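Each structure below is given as structure tokens.
In what follows, chain A forms one complex with chain B and a second complex with chain C.
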Partner chain A sequence: MSRLLDQFLAEARELLQGIATGLMQLERAPGDGDAMNALFRCVHTLKGNSGLFDFPEMMRLLHAAEDLMDAVRGGSLAFTPALADRLLGAADLVSALCDQVERGGDTRGPQGEAAVALATSLRALLAPSPEEGTRPLAAVQPAIDLPEAALAAARVHGGGEALHFLRYTPAADCYFSGDDPLHAVRQAPGRIWGRIVAPTDWPPLAELDAYANRLGFELLSTAPREALDRHFRYVADQVTIVPVPPPAPQADAVPDLPALLATQRATLLEADRPDWHPGRVRAVVAVLVNTARQLGRTALAEQLPALGEAFLRDDDVAPLLAAVDALAAHQAPTPEPARAEEPAAARSSLRVDQARIDRLLNLVGEMAVARNALPYLARHAARLDGGRELEREIKAQHAAISRITDELQAAIMQIRMMPVALVFERFPRLVRDLARKLGKQVDLVLEGEETEADKNIVESLSDPLVHMVRNSLDHGLETPEERRAAGKSETGRLLIRAGQEGDRIRIEIRDDGRGIDPARIRARAVERGLIAAEAAAQLSDREAVQLVFLPGFSTAAAISDLSGRGVGMDVVRTAVERLHGDIALEGSPGQGTSVRIVLPLSVAVTRVLVIESDGQRFALPIDGVVETLRVPEADIQGMANGRVIVRRGRIVPLRALNAALGVAAEPRRNSAGELAILVLQRGDEQVGLIVDDFRETLDIIQKPLAGVLAGIDAYSGSTLMGDGGVVMVLNPRRLW
Partner chain B sequence: MNPVLIVDDAAVIRTYYRTILTAAGYPVAEVGDGVDALEAALQQPCSLCIVDVNMPRLDGFAFLEALRREPVDQPPALVITTDRGDDIAGRCRRSGANAYLPKPVRPETLLAQVALLTGGRA
Partner chain C sequence: MPIRFLKRKAVCTEGVDVEAAETLHGWLLEAPGRSVDLAGCTHLHPANLQVLLASGAPVTALPADADLAAWLSPLLAPKG
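Let's turn to the complex of A and B:
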């Protein structure tokens, strides 16, 4: 049944998200009836689901929350931000309990105790009802805490009287304090059932202390609570008393034919005639027909539909009732469950373990690599005698396999695509809580939540985005007073927008806060020793603000509890670059700040350009390549900080790949004396990498580097070529 | 045999019923709310509807009443709900249900009730 638990947990998380969203919606528009109903349903469903499992603490908290929501819905309790806080807290606690369960635990322990305590305090908010003292337990713990034997005894006893279940666990040293547990239990008022509970973990006989009590007692009593409390007053700390819910008529009784027939009879006798009355009667007839067939009364089964129609026509129920009674008089054997005769109806969606999809993706990636071997094979064939024909055939096969592989790959990637909404949906809550904590007013606008990207990308986006949202609230947006003084509206605006640009996803986080002061950034970077004063002065304002991405930079004068903890934007940049993305920051004093992140839609397959340097092949992700050039030596100019070329009026600084990799060899020139230069985009600027030669472009699966190689950040991974060679994949961001 | 139509907005509850019923040999179909349920019930005959009450779009009672208004073969219906309150069983009957069970329901209880309503096998 662990699959059921997995599903419960997955669904619980969705419902908890729905609860958080609903609460915040209500906070903005307390009169929104639809939002209220949706919210109530989430709580109600989650409570119902938790009833499938033995999670009494979770159930109890959810039940309290449900009753509270019911009171709000009914108008007897006002919806306030304070109440929203409590309910959000409850949702967090349930979420924590889910985590605990997911780790293989149950809902007991400190979290469970906190849940019970919160449930009690939520209930205290409800108008006190006369049965307040007993209601929570009675309502919340129907079949969970009580042993089955006690419930069975309660059923046998019937529902006439209020029953209490009592568990008495005498202390081990009870005989030394003058207690006589057995006598106390025997004398308990109103006892209708009882048993002695022995522990299952007896110590070895030699260690058994005959004078220590190890037994417990359970009993059912018809006596009022006060009488039981009085009887056990000297051992009150060792006694738990729980009211037994009145047994619902069919609660645990196995349904039987007489009960079913009685129900159908009652329906037929209903006096109301709603417009669905005919359908209702025909459904009753359907049940009666099934019953008659089951009992072998085929003749009656065939008459029943006519009797039903007669009742509908003449409104005379007597003949139909006679048929019901005839069936009831028949002694029914217990029906056997049906056997499968047809396959289950097809379902439209299916939940699959992610590992299986990843395996598929890996396989199709391997296939793409294997496919890359075919051109080598074709070239090899061309060199054979009469191999032209073979070469053509291999090339044709290559094209066909390529097309199928590409489609297969695209189809699998599509399965892994998820909307960024999964990450965005956390923000309303985060922004609300932070804003409240900081005393700021923030209007959060989310756009493009439906934009899709690979699951890994979406999931890895979460932490960097949270970090930037915190930055915006903490450092960017001002307090209402500051904003008023600056002539802005008191409520700040935070925009988080996602969109697709070709095969990249673009995410923008923009606030209208105090912005960023390039002069201060320069000063701070110099002060921290991150950049020389002269170099800082040479930077444009646009370039200067990018300095915040350097490790060790922190703009906040004091490290704030919210976004601080000593980590800064460099962590965000590292996270984004790990996903082969780019990040840029824009802002000016008073004008707000904007951070833009551009990421590939998928990380599984990388399109690379293969290049050669000093006799070795390397691969470079093609998405950063602007163009490839052959430049005569004469066009390369020397400047103070190195060699450059001028392209379309822009200065493009150059660096030789050999030098970057610590190889002594000079870049090779071709027969015309030209150098091969790869122009790469780095944020807003372009840089040129001098290599020996350009080769083909390929789709590759990058394998991360392991061991000592993993520490070399000039490489982002390695890949296997179609000819069996291993090629290192360069990380263009770390070649300068 | 026509499938048993499971109508509940909680996927975990649907899985629970489905697991129990398919193990006992019943074909099942499932939907997440009353609107989809009505569409499914009108499109393909079912041998029984197992219906939750509190659902988005169209609740269980409204679904049953709508179904009972339709000029089709009327399948038996079993309501399983956490809703309690006065005369919940009567409320279910009047909306056109043929049986009611409180949620959560034990596997053996569910199987016994389904067997009774469908006559063991159709």
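Let's turn to the complex of A and C:
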């Protein structure tokens, strides 16, 4: 795929996002002019960009959408939720076309046909009042003031055909891309007038860069807009096309102009010559000068004072009357207020392929491994004759390299950080569509969108969050009637909040819906055979609601279109745990539900504790480690289902790592006969892992396991130690 | 060759392409007072036009091609 196309697709996705946001903003506040303009700009840019490629279907759809929004902006069409639906649908279709382009490179086929059909139906919305529709369109369209010469040519041409004015400002380097702008304008369809706009401040010939274009081109054409767009599609970004307003009768241009001119004429024809005659004439001249300026007749405006003086001198009113008549005959369009095109926000950011960042990260990881080898080298040096000095130097170097590597790593991690807004921005649309479909009223509140986390984390959050939002809307929030009956406000509230907690990110999804009933959850879990009835009865309410995370659990009586398609909260939990995160559910009947997800900020670098068991080293992510203990054998108590210790009044069940990994060896005791126990946090409870010994903590970059090893979920990955050894990283959630 | 360079006059014929601009530029720089004849010219790449505009070299004849002449005449009034 070409780089240009890549760029287009990336930008298109951003613009589509902007369009969706803008549409929803307008739906809430239809009168928001800024939102309208921002939305219009997005659509216009996207249309312009798509013109660079041969995607006629996409182009047609965008063009229709643009015209439609133009009509809305001009006030000839009301912005309704139904219209928003249509336009959001159009945005989805363009998005689908982009996907198709990404896969196959064109926009043909059923999607393309759907786009053309939608474009036609969008146009049909414009059609009912073409007369009213076109007028405001022309009035709001130009961000460009038509040159007088072009207007004159348009007048000469007459008002029979719709005209377009085109301004082509080729880029300075356009000759290098093989453009010949003069050729392009000469070949433009339907051209009735054209000119080259040349600067007058040419540098001395010796300093001229003949190949840096400074010329501009303008033309008037009778061709339809589509034909012009097509002709200039390769330089669409350098071309502005505006419809030329049909030569309007003067009354429209300046409503009281004829009356004004008639008064001036009458004043000039006054036969008496009172003392104030010169003042009267000058006043008339001043009015005429202003009128002429207003109509764009600058040459006439400059002549008028002289004509006025001539009248006073020679008492010959004819030339002035002729000028008045000329102004009266002037069929000027409404002068367009020149509006500066808002400059695109300066882009100081850089779009980089993620693979390159990942490569950098890998290299830094390897550098960290190489760095970790230095202490071994130092120890080795210490054993040599007179190696103390060398050992000290190596250690000093190690410290310096360490610092730089850490900073480098932090800097690269920073590049990978992205705001969760990337995921959150999908929700307004999702919630709006679902709420409309379900006939519910939902107020979505997003908080902490600026919270940043690693790109992988943010991206992997998307599906679980969408699933939970669907759940909340489908099962959690009630219909307006139900809510009224329960004494709540008709509009439900869905809060999605993100925040940083140390080196973890916390996300909370809270609704004020019907909540979750522990009794019902217990019954359901037993009914589904997920848990024995006695065991269910023993669970606290808080523990019982966590049962929804079990595979195969679903409380929805009927499988709805939205959620409950056999995939449940267990999928969400699996996704969260894959990211080394924790998830917990809270709720009580009538009080709403809240789901909390806690995730590490980054998965790329993991801080691990290295432990030893049966002569092998293993690593465990340190964020799950509560404490490390040395416990005398005597403190370990046997219970029905295994060994436990009591820590701070809590019972901590124990398991030997060797047993978990299927190693036959018994845990090793130290000289004092104590066992090494690693206390881990698992959701709400703490568990103890019996190991042989504790070693150092390290920052590592985990490599995913491949092949046969990938299927063993006791391990989450592997890493390379400074001494060259490979260490497996344990997944503490899967050791029980 | 779209441009024939005479002693004091460059005669352009048919389509004058983008490469010609560099030659024309150099030739006009060599000596003052040189002029350009566009009579036989059917198209002029804008790079050449920029050279002509910046040099101010007199254009002795506008193109016979009416369309091209219409584009160029407001900028290059023929002299002599």
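We take it that the second predicted complex is superposed on the first by the 512 of 736 C-alpha atoms of A that agree within 3 Å, B and C clash if a C-alpha of one lies under 4 Å from a C-alpha of the other, contacts with A are read in each partner's own complex, and residues count from 1 in each chain.
Note that contacts are C-beta pairs under 8 Å (C-beta built on N, C-alpha and C of every residue); 3 or more make two chains touch, one makes a residue touch a chain.
Note that the structure is predicted; figures quoted are calculated from it, not measured.
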Chain B or chain C, by number of chain A residues touched: B
Which of chain B and chain C A:Leu182 touches, first, second, both or neither: second
Chain B versus chain C as contact partner of A:Gly194, first or second or both or neither: second
First, second, both or neither for A:Val287, with chain B first and chain C second: first
Partner chain(s) touched by A:Glu270 [first = chain B, second = chain C, both, neither]: first
Which of chain B and chain C A:Gln111 touches, first, second, both or neither: neither
First, second, both or neither for A:Asn658, with chain B first and chain C second: neither
Which superposed partner A:Thr606 touches (first chain B, second chain C, both, neither): neither
Footprint of chain C on chain A - complex, ascending: 170, 175, 180-183, 186, 194-196, 198, 202-206, 208, 210-211, 213-215
In the complex with chain A, residue positions of chain B that touch it: 1, 3, 9-13, 15-16, 18-19, 22, 24-30, 44, 54-56, 64-70, 73-77, 82, 84, 89-90, 93-96, 98-104, 106, 108-109, 111-122
Chain B contact footprint on chain A (complex, rising order): 3-4, 7-8, 11, 38, 41, 44-45, 47-49, 51-52, 143, 248-252, 254-257, 260, 263-264, 266-267, 270, 272, 274-280, 282-287, 289-291, 293-294, 334-345, 347
Parts of chain C lying in touch with chain A, wherever the complex brings them together: 18, 21-22, 25, 28-29, 43-51, 53-56, 67-68, 70-72, 74-75
